[in-house]
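Take a look at these structures.
Below, subunit A partners subunit B and then partners subunit C, in two separate complexes.
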Partner chain A sequence: MEATYIKRKKDGRIHIMSGNKGDIVLKWTIIILAILTVVAFLFFNYAGLELGSAIRETAYNLKVMFLEPTLNHFDLGEAFYQIGITLGLAFLATIIGAVIAFFLSLMTAANLAPVWVSRTVRVFVAIIRAVPTVLWVLIFAIAAGLGSEAAILGMLFHSIAYLVKAFSEAFEEVDKGIFEALRSTGANWWHIVKSGVLPSTFTYLLSWTFLRFEINFGVAVAMGAAAGAGGIGFELFMASSFYFDLREVGFITYSILIIAFLLEVISTRLKKRYFPATTTK
Partner chain B sequence: MSLLTVEGLGKSYTADKQILKNINFEIKAGEFVSIIGPSGAGKSTMLRCINRMVEFNEGNILFNQQDVGSLNKKGLRKLRTNIGMVFQHYNLVPRLTVIENVLHGRFGYKTTFQGLLGRYTEEEKERAFYLLEKLGIHEHAYKRCDQLSGGQQQRVGICRALIQEPKLVLCDEPIASLDPNSSKIIMDHLKSISTEMGITCLVNLHQVEVAQHYSDRIIGLNNGEIVFNGTAYELTQEKINHIYGTKTKDLIIA
Partner chain C sequence: MNEKTMRKHRWQSGIFLLILIVLTYLSSAITTFNFMEGMATIPEAMGWIFSNLLVSQESFEKLPKILEKLAETIFMSIAATTIAAVVSLFLGVLGSNTTKVNNFLSVFARFIASVSRNIPVVAWSLILLISFGQNSVTGFLALFAGTVGFLTRAFIESIDEASQSSVEALTATGATYFQIVGKAVIPQCLPQMISWVLFMVETNIRNATLVGILTGTGIGYTFDMYYKMLNYNVVALITLCIVITVIIVDLISNYVRKVIL
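Showing the complex of A and B:
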C-alpha cells in the first residue's frame, strides 16, 4: 500500500524537498552563470598583454602602496580630521535616516497600519531600494550640486528604504498576544507602539541602525571621491588620480581598513548578542 | 442584577461557516461562570465578542446596561477599561519589568500623551504594588517578565487586569499552559477575586473537574451553540458527554 502524497524520484528514492519551481530556477541560474563565466575568459582581448611584466609591476605597485605607506600632502592630524568628516557624513545620514525610517515603518508593518497604507509605503520603499545609493547621490546632485549635501541626501534616501524594510519586519515579529492584551486594556495605538512594540524591538532597531552605519561608512568613502563630498574618500581620490602618490594611497587605505575593521567588530558583537540565530552575511 | 446580557449573539468569520449561533445568557454581578466545550466550539470567540476584540454580526450584548455593539471608538475604550482580560499565554511584554506590565492596565484611563511619557500617579503605583503583594509576587516587581515562571507570569497578567478596576474579568484558558500546582494557585486567586472583590469572572476552561470545583455556574458550548447552562451539580456525566459529543472516559482510555 503506497501513500500517494510521498514524492519519489525516478529511481524510487523519496524527495524531501517539495521540488517547487524556485529550486529548479535557482539551480539552472547557477549552472548558466558558471558556463558564461568560463566562456567569457575565452573571448577576452589578450593583445598587448604581457602577463609576466603585468604581474611584476602590479606587485611592485602593491609593495610601494602597502609596505611603504607615508603621508606627503597632509599630516596625521589632517588625516584624522578627514576620517572624522567621512564618519560624520555616514553618521548624519544614518541617524536622520533611522528616525524617519522608524515612523515610516510604523506605517509599513502589517500589524500596525491599514493594508492600503502599508502597501503604498512598501511599493515606494521598494522602488527607492532598487536604485543604488550612488545613483541617488547623483540624482540629488542635480538639485544640490555635487558635494556633501547631495551625498548625505542620497545616502539618507537609501538608508531610509533599507531601514524601513528591516524595522517593519522587526515590528511584524512582535507577538500578536501583546497587541491583544494591550488593546483589551483600552490602550490606543500610540500606547501600543510605545509600550508593546518599542520595548520588544528596540535592540533590533539599534543593531540594524548600526549595520547601516557600517554600510554608510563605506558608501561615504566612495562618495567623497565620486561626488566630491570631502573626507577621507576625497583625499584618496586626490592621492591616486591627481598626485599619483602610491604611498599616500597605501596610508589612506590602511586607515579606512582600520575603521572598517573596528565597525565590523562592533557590529559582529551586536549581532551575536541580538541575533544569535541568524549569523549570516 | 444582571451585569452582562447576551441576546441572540451570532458570529461568522467567513460567509460559509457560522461560528456562534443564537447565543443567549445572562451573568449576574459577582458570579463566577465557566465556559466549557470542545476545541473549536467557539469559546474564545464568544469571550472576545464581549469586549469587542472580535466584532460580532448578530444579536445584542448589554454590559452594565450599555449596548456594546453600538459603541464608538471612544466608548469602546471606556468599555474595555471596565473589562479585564487574562490570556492562556499571559501576553506580557517580556522585556519590560513586572511592575511596568501591571501598569499597562491603566492605559484605558490615559491620554495619548500621558501614555507616551509613561506617566502614572503615585496612587496607581501603590495600587500596583498592593495587587502584586496580594498575588504573592511583589518580590519580583523589578524583574523582567521573561525571567518569571509561567505561573508567576499569569499572576502578573491577573494584576494587569485587576488594576483596571474592572467589573468583569474575562479569562481565556488561564491555566492551559500551567502545571497542576500553579493551576490551583491561579484558580484560587481568580475565585477570591470574585468572592472578596466582587468582580465577576467569566472563564474558558478545558478541565471539567476544575470548572465544577470553582464555578457558581457552568455554560457548555458545542459547535457554536449553548447546550448546557446550569450549576456544577446539574452537570451530570450525561450532560458532559453531550457537551463534548463523546464520552470523556473513552478519551482518557484511548
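Showing the complex of A and C:
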C-alpha cells in the first residue's frame, strides 16, 4: 500500500496551509499592488514641490479654513440658494435616472428579459460607466451649452448605469413562485411587472435611489467646480482658485460637510433597515 | 390584506408621488432646467458626438504623450488606494466594534473616516493645490484623503460582519490582542478587503480624471487642454484611452473578485 504523499518544505517541515487558487491570487494581487505603488512614487512628476513648506502651509491653511470660516463674496441667503442648486441638480439627475433605469433594468433582469437583450443592455451600461462623469458633462456641454442641462445629462448617465445594476439585481431576487402564480392566472408581462415585481421590490428600489442621491450630491459639487455647472461647487472653485479666500473655502466646506453628513446618516439608517445582511456598493 | 389597508397604501403612495413631483418641480425651477429641452438635446448631442468626436489620423501622433499621462494617472490612483488601504486597515481595526481598543479611539477613527469621506474630492484637491502646486503629489493626496474615509467604513463593516465568532474563540484560548487581530480578524476579512480595494482602484482612476482637471495633473489636464483648444479629435482619443483602461481594470478586478471571494 502506498503511503499518502505529504508535501514538505526543503527542511522537512509540513506545509500547514495548503494553498488553493484563491489564496495564490490574493497573495499576488497584494504583491502586484505593492510593487505598482513603489514604482508609482518613482514615476511621479515632482515639479515645483517643496514638501516641507507645502505641508506646513497646508496645515496653516487648514487651520485658517476650519477655525475662522466666514463669508466675504456672498451672504448667507446666497449660500443657501447655491446649496439648493446643487441639491436640485443631484435630485433631478437621480429622479430622471431612476425612472429610466427602472425600464432599462426590466430589460436587464435575467428572469424578465431574453438573454440577448439583457446582455446588450449590460455591455452598453459597462461602456457608459467607463467614461468618467466629468467627461460626459464636458462632452454634453459642447452640444447643449454650459449649464444645468449638460450637468444633469452627464450625471444622468452614471446614475442610470449604477441604478440599472442595483435594480436588476433586486428584480432577479424576486421569488419565482410569484411569476408562476401570476402567469397561471393568465397575466401578461406588464401585469407581472406591475403587480408582482414592483410591490415586492419597491422599498429596495427607493433605498437604492436614495443611496444614489447621496452619491450624486458629491458629484454635483464636483461638476460645479470642474465643469461650471453652478451651485456650491462653483463657489468653492471661485473662492479657492480666483479669490484665494481660505476663510470662505472653509465656510463652503463646512456647509458641504453638513449636508453630506445628514445624507449619510439617513442612508445608513435605510441600509440597516432594508439591507441588514449585505454590504452595499 | 383587507380593503382598508389597501386603500391606506394607495393613499400613502399618492402622497409620496405628490411630494416627488413637487420636489422635481422645485429642483427644475432652482436649476432652470427645462426637461423637454434637456431631453431634446440628447439626440442632438449624440449626433454631434458621432460626427465630431472621431479619432483621426493626426491625433494618433499625440498618442505617446497621452499614454504617458495615462500611466501617471493610473499609478497615482493605485498608489493612493494602496496607501489609503494600509491606513484604513489600522483605522478599521480601531473603529470596529469587535476589535476596538477602547471607545475613545473607536469614535476617533470613525470621526476621521467620516470627515475625510464627506469632504468631496474636489474640495480636497482645491485645498491641496494652493500649497502643493501643480504636480502628481497633489492629485495623489486628494485621492488618498477621499479613499481613506471610504475604505475605513468598508473595512469596519467587513470586520464587524465576519469575525465575531472567531474572535470569541481566540479570546477563550487566551490569545493576546495582536494575535487575535493578526491570526483571526485580518485573514478572515482579507478577501473582502481586497475586493473593496480593487473597487476603489477603479473608482479612483475615474476620479483621477476629475482631480486632474482641477489640479492640472495627469490625463485630466491633457483632456482639459485639448478640450479648451477645441481639438475634438484628440479629445475623442483621450476618452477612448480612458474607457479602455477602465474596462480592462474592471475585467481584472472582476476576475480576482470571482476567484478570491
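FYI, the second predicted complex is superposed on the first by the 236 of 281 C-alpha atoms of A that agree within 3 Å, B and C clash if a C-alpha of one lies under 4 Å from a C-alpha of the other, contacts with A are read in each partner's own complex, and residues count from 1 in each chain.
Here is the rule we go by: a residue touches a chain if its C-beta (ideal position, glycine included) is under 8 Å from a C-beta of that chain, and two chains touch if they have at least 3 such contacts.
Bear in mind the structure is a predicted one, so any value in this text is a computation, not a measurement.
Asks: For A:123, is the partner it touches subunit B (first), subunit C (second), both, or none of the two (neither)?
Replies: Neither: A:123 stays clear of subunit B and subunit C.
Asks: In the overlaid three-chain picture, which partner chain does A:99 touch, first (subunit B) or second (subunit C), both, or neither?
Replies: Neither partner.
Asks: Figure out whether A:178 sits in contact with subunit B (first) or subunit C (second), or with both, or with neither.
Replies: So A:178 only meets subunit B here.
Asks: With both complexes overlaid on chain A, does A:233 touch subunit B (first), subunit C (second), both or neither?
Replies: Only subunit C; A:233 stays clear of subunit B.
Asks: Please indicate which partner A:186 is in contact with in the superposed arrangement: first for subunit B, second for subunit C, both, or neither.
Replies: first
Asks: Taking the superposition as given, does A:31 touch the first partner, subunit B, the second, subunit C, both, or neither?
Replies: In the superposed model, A:31 contacts neither subunit B nor subunit C.
Asks: Subunit A residues in contact: does subunit B have more, or subunit C?
Replies: The partner making contact with more of subunit A's residues is C.
Asks: Report, in rising order, the residues of subunit A that make contact with subunit B in one complex and with subunit C in the other.
Replies: No residue of subunit A touches both subunit B and subunit C.
Asks: Provide the residue numbers of subunit C that touch subunit A in the complex, in ascending order.
Replies: 20, 23-24, 26-28, 30-35, 37-38, 41-42, 44-45, 48-49, 53, 71-72, 75-76, 78-79, 81-83, 114-115, 117-123, 126-137, 140, 154, 157-158, 161, 190-191, 194, 197-199, 201, 206-207, 209-210, 213-214, 217, 220, 223, 227, 232, 235, 239, 242-243, 246-247, 250, 256, 259-260
Asks: Using the touch definition from the top, list the residues of subunit A that touch subunit C in their complex.
Replies: 21-22, 25-26, 29-30, 33-34, 36-37, 39-41, 43-49, 51, 53-54, 57-58, 61-62, 65, 81, 84-85, 87-89, 91-92, 95-96, 126-127, 129-135, 138-140, 142-144, 147-149, 152-153, 218, 221-222, 225-226, 230-231, 233, 236-237, 240-241, 244, 246, 249, 252-253, 256-257, 260-261, 264, 279, 281
Asks: Using the touch definition from the top, list the residues of subunit B that touch subunit A in their complex.
Replies: That would be residues 51, 53, 77-81, 83-85, 87, 89-96, 100, 104-110, 112, 115-116, 118, 157, 160-161, 164 of subunit B.
Asks: Enumerate the contact residues on subunit A facing subunit B in the complex.
Replies: 175, 177-178, 180-188, 190-191, 194-196, 199-200, 202
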